[in-house]
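Report on one structure; see the data block that follows.
Chains here go by letter, A, B, C and D, matching the order in which they are written, and residues are numbered from 1 within each.
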Amino acid sequence: MLRVAIAGASGYTGFELVRILSHHPQVDLTTITSRQQAGQRLDQIYPAFKGHCELTFANTDPEILAANADLVFTALPHQAAMDIVPELLKRNVKVVDLSADYRLKDSKVYEAWYQPHKTPELLSEAVYGLPELHREQIRAARLVANPGCYPTSVILAAAPLLDKGLIEHRSLIADSKSGVTGAGRGVSLSVHFCEVSDSFKAYKVAEHRHTPEMEQELTHLAGEAVCLTFTPHLVPMSRGILSTVYATLREETTADHIDKAFAAFYREAPFVRLCGRGELPTTLQVRGSNYCDLGWRVDERNRRLIVVSVIDNLTRGASGQAVCNMNLMSDMAEELGLNYAPWQP
Amino acid sequence: MLRVAIAGASGYTGFELVRILSHHPQVDLTTITSRQQAGQRLDQIYPAFKGHCELTFANTDPEILAANADLVFTALPHQAAMDIVPELLKRNVKVVDLSADYRLKDSKVYEAWYQPHKTPELLSEAVYGLPELHREQIRAARLVANPGCYPTSVILAAAPLLDKGLIEHRSLIADSKSGVTGAGRGVSLSVHFCEVSDSFKAYKVAEHRHTPEMEQELTHLAGEAVCLTFTPHLVPMSRGILSTVYATLREETTADHIDKAFAAFYREAPFVRLCGRGELPTTLQVRGSNYCDLGWRVDERNRRLIVVSVIDNLTRGASGQAVCNMNLMSDMAEELGLNYAPWQP
Amino acid sequence: MLRVAIAGASGYTGFELVRILSHHPQVDLTTITSRQQAGQRLDQIYPAFKGHCELTFANTDPEILAANADLVFTALPHQAAMDIVPELLKRNVKVVDLSADYRLKDSKVYEAWYQPHKTPELLSEAVYGLPELHREQIRAARLVANPGCYPTSVILAAAPLLDKGLIEHRSLIADSKSGVTGAGRGVSLSVHFCEVSDSFKAYKVAEHRHTPEMEQELTHLAGEAVCLTFTPHLVPMSRGILSTVYATLREETTADHIDKAFAAFYREAPFVRLCGRGELPTTLQVRGSNYCDLGWRVDERNRRLIVVSVIDNLTRGASGQAVCNMNLMSDMAEELGLNYAPWQP
Amino acid sequence: MLRVAIAGASGYTGFELVRILSHHPQVDLTTITSRQQAGQRLDQIYPAFKGHCELTFANTDPEILAANADLVFTALPHQAAMDIVPELLKRNVKVVDLSADYRLKDSKVYEAWYQPHKTPELLSEAVYGLPELHREQIRAARLVANPGCYPTSVILAAAPLLDKGLIEHRSLIADSKSGVTGAGRGVSLSVHFCEVSDSFKAYKVAEHRHTPEMEQELTHLAGEAVCLTFTPHLVPMSRGILSTVYATLREETTADHIDKAFAAFYREAPFVRLCGRGELPTTLQVRGSNYCDLGWRVDERNRRLIVVSVIDNLTRGASGQAVCNMNLMSDMAEELGLNYAPWQP
């Protein structure tokens, strides 16, 4: 049994980690921490867990975490992660970090979109935890930077196309729509039920911090700089992201090339399901699961490809993917603890 | 491995059975049937199941079902169940029937609320499948009548009180609120998104067919005739039932008596969680699970007890409870395949 | 033109007042105030109002309010209202107070459920602003205490029954369900979209502060003390209250008596619509309007009456009723500015 | 008073017409028709209208309509409109047609996307009823083809840009998101509450019939053929459309040019509200109103413009715009009966 801990377990991604780990056959969840909730039992503040987790929140202290875990999930806000991750690595604990702090390879890019980085030397070591792109490196990693929710949905939609050089890079647009859990469990007017319900909006258009993360990975795949337009929107639902990705086809590209590129790229991927050309997935069909379902369609009238990608933002977009990374880092089967059917409806 | 089949698997309760059974460690789901969908693959009409169920719908034929299953779940409309259940029993197949056809012991009561019964002789054999009330009989049964969703939530809220004689029977009122999956997957104006969303209504007030089922079980517990008022309401949400049950306390009853009655009655029940006096559960905290969570409060100003009961109408109110009954009928642990944490949020 | 002002205009009831008053043919809305928003334009923080209200929030100062208005709506939290209402009355300004501070006639009852009262001497003067009960007194009033949202829905459902002595008083139960705007625009975890959506809960069972207000008015109608059980619930929708009111019929009461009592009591009421016996209203059918729609049904099996009452909690339950009171206090037609069709869907 | 009738009044756009017209100060709504509901009172099948409309549905007969109305709104499915509109015109009745039958100038385009046209000779006479583009022609028209909901939101977002030649035509993409009333009141699995709620999907990608309508109007503005990619999505809400429109800026275009183009184009438009550069509107802020609110942002990193446009699909996208057209055709003020504040929240 692998001993694991969660640092910062009182938000939605923390709860989702507890949910998944409490059923994982080879994991012993020993410790959960939270600054605000320290001293309280999880099942008191979250009665859903009664009978499934009897842990009490500890303070977020690297000493305690390292004493009780072989691997720690850090589900802290960015900047807070930077303080604790190096302390854990020093104590020979493996880390899956769910913040943005170790996702970008270039500290200058990080600092342009976020704030000064305290341990830039770790950036080259950290592995970007998207198994479909970096499976082998994840297996060998001490530190995995778990991808953002939007980047997961967008990169998986575009990767086969860039990998095979089927599209014009400059034409890439990702129009993404997310459920409200993506905004976290903190309170604010923007997540007030009555401001969200029966409404729809765009936000942080062309300035969302997930942009450089997408560009880093897509650039890597394309072999040349990719600069995309990214527009996030808020959907009046709790869970799910749907990304509609647009690209102009290169002159020689046929619809058949696209079908083959997707099939080849995801041949070995247990958590990508291809709906195929013309069949488009809904967020409901992946709810609660680690799947990314992909469909696409070619608009021959103007040679444009539209790829639709759906994930559950809390599972594939955060905690499910983190557990998948843990599995790989610990020499377990990639699907362990995650191969259940989506929640319907 | 127990071989099981589902007759009528194309509705919400059918899907929920497939979901649960596909993860059950001692079950082999061999056959699913549907009149309308016969010949189609389940994962084509319901892409969520891709990778989890590769079955194709067969026709609802007792011969096929009996040849492929030791136990059959009949998730058919009432009246349709009556036609097939006897055929299955004849062929030595155990049955958990999710319709209303075998829930009432008295065929006259059935006929007053439904229609003529074709096999009244089976009513005395059928066991009402609420494990907290009839666990031992279920273990020995060939035919279990799975309770209705509303009755499950109401009976569990009232049972300890009637069992101990703590309330005035005539004062019992159940004000229940259900999510829309309770209306099934059939299309009609009453489940049109725009007619349900941002609205709330009562329906079938004092004439809902689940009334006699509650009265049968509560009468059995009370040892004298119980006649209650039952008011169902429709909530703009997919899953969940909350029942607010009102009763006037008998003169000698104290709050302490009530606490003790609940604790004693559910001492051995793995799927009832007591929130206790003053703590009231939400439907969210049981979503997707087989739990019934119970809280209560005494209004001392007028000696009235208010019990709040929550279940997931598709899981505890239908398919989860059916699997629980299957476990008991097959000598497996009651919780098998069902002891996972609720879906949050 | 009547000059009016709104003290505390930055919450949902304040916005709803602005909406209604901006279309009222005989009103000039001159002033809106807000502690938090002072100095900001309303249409900047609430862009829906662009083109409809160009006012800037002033500080909540009685001097400013009295200089600019003949009548002031105070939409402040209780306790804050107590500080400003007397100052306005001193300056010869009429007041419709939307807080709870002047609803209860008996300062001891107020103090038992709220806090010490600073101006108990005004309680006898204040008129409880439910036009169907106190129309003539409202016309003559300087200070009208606008009813709470739940009490509006419950009192209108029960008033004809108590007035005619058709039910057993001790049997009265009000099981009410409200949309989330009822909780106000303040932020908290309990109104977070993801905690409310696809969930349902009861809260403040048998201890909600709207209870004494209902009892005061029902007692007045019955001519003897009425003590009821009141259970509020939260519905995942923005607007609307549905109250299911239960009562045992007196021995001699027939269904016909009930029909006649409703018809007689509301003969002159432009904002009560009777659906009649057996026809039950939905909250959707009154959304955005000042209507209260009523339907009822008798459960002859146990001689119980169930009345279903629906209102829009922000309109009939707060701001629409307040404008109706203003109309009456200012010698205008009761319906002025309010006789538009509900918003569908 | 203008006498008006509605042919096909039993769907959502029909109800919305009744709602608006019942408050219009210079309209007398004399007749409503419906094949299915003929003989029934409107307020019986739609109790929200009790007290606002006492009409009974007649059969959809041109003789009856012409005898009772100076202007008829035809809110029928396409193909059905084609049968009745010519009959009305023959009888000297003006028509605002809400179907797609008279929107396209070129019958070949109509027939490529729809079916054979029965009265192609009327296509040149019909005026496309988007007041911001064709105000003067609408004033003089006998037959106005009311725009589709998606085209209204997309054309208003792009018109100033094409009119001033600020963008590359080939780069135009419209990613639109609609509430469920857009699908109409007919029942189907795709509008079942449980299939829509907490889900999000794209549909008819690159093949939606509203595409040629957008292209016709945008081509007219651009002075050369415009071919755009259009992707509609379904949002779990009742009302509202948000369109995110993408275009690459021409080399010489600056952000300032864009601001000026919008300001100039909509200088006289009472129902377009400009949020400006960087301020993005939500669908909630226009709910129930005839407004189109527009905001935009330039992604300088890749010279792309993103325009966000919001409307209420039933009001501006259908019935409100139809009434606006009626106002213009009848020499009334454009805003009459429509200048009320949006419904919040």
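Just so it is clear, contacts are C-beta pairs under 8 Å (C-beta built on N, C-alpha and C of every residue); 3 or more make two chains touch, one makes a residue touch a chain.
The structure displayed is predicted, hence computed values, not measured ones.
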| item | value |
| --- | --- |
| Farthest chain relative to chain B (centres taken as mean CA coordinates) | D |
| Same or different residue numbers at the chain B/chain C copy interface, by half rule | same |
| B-D compared against A-D, more contacting pairs | A-D |
| Intercentroid distance (Cα basis), chain D paired with chain C, Å | 37 |
| Separation of mean Cα positions, chain D and chain A [Å, integer] | 39 |
| Cα-centroid distance, chain B relative to chain D, in whole angstrom | 46 |
| For chain C, residues contacting two or more additional chains | 12, 179, 181, 194, 197-198, 236-239, 281, 284, 287, 345 |
| Category of the chain touch graph - line, ring, star, complete, other | complete |
| In the complex with chain B, residue positions of chain C that touch it | 170-171, 173, 175, 177, 179, 194-195, 197-203, 205-206, 227-229, 231, 233, 235-240, 242, 244, 246, 280-284, 287, 297-299, 301-302, 304, 306, 308, 310, 345 |
| List of chain C residues in touch with chain A within their complex | 12, 179-181, 185, 187-189, 191-194, 196-198, 236-238 |
| Complex contact set, residues of chain B against chain A | 12, 15-16, 18-19, 22-23, 46-53, 181, 197-198, 238-239, 273, 275, 279, 281, 284-288, 291, 293, 339-345 |
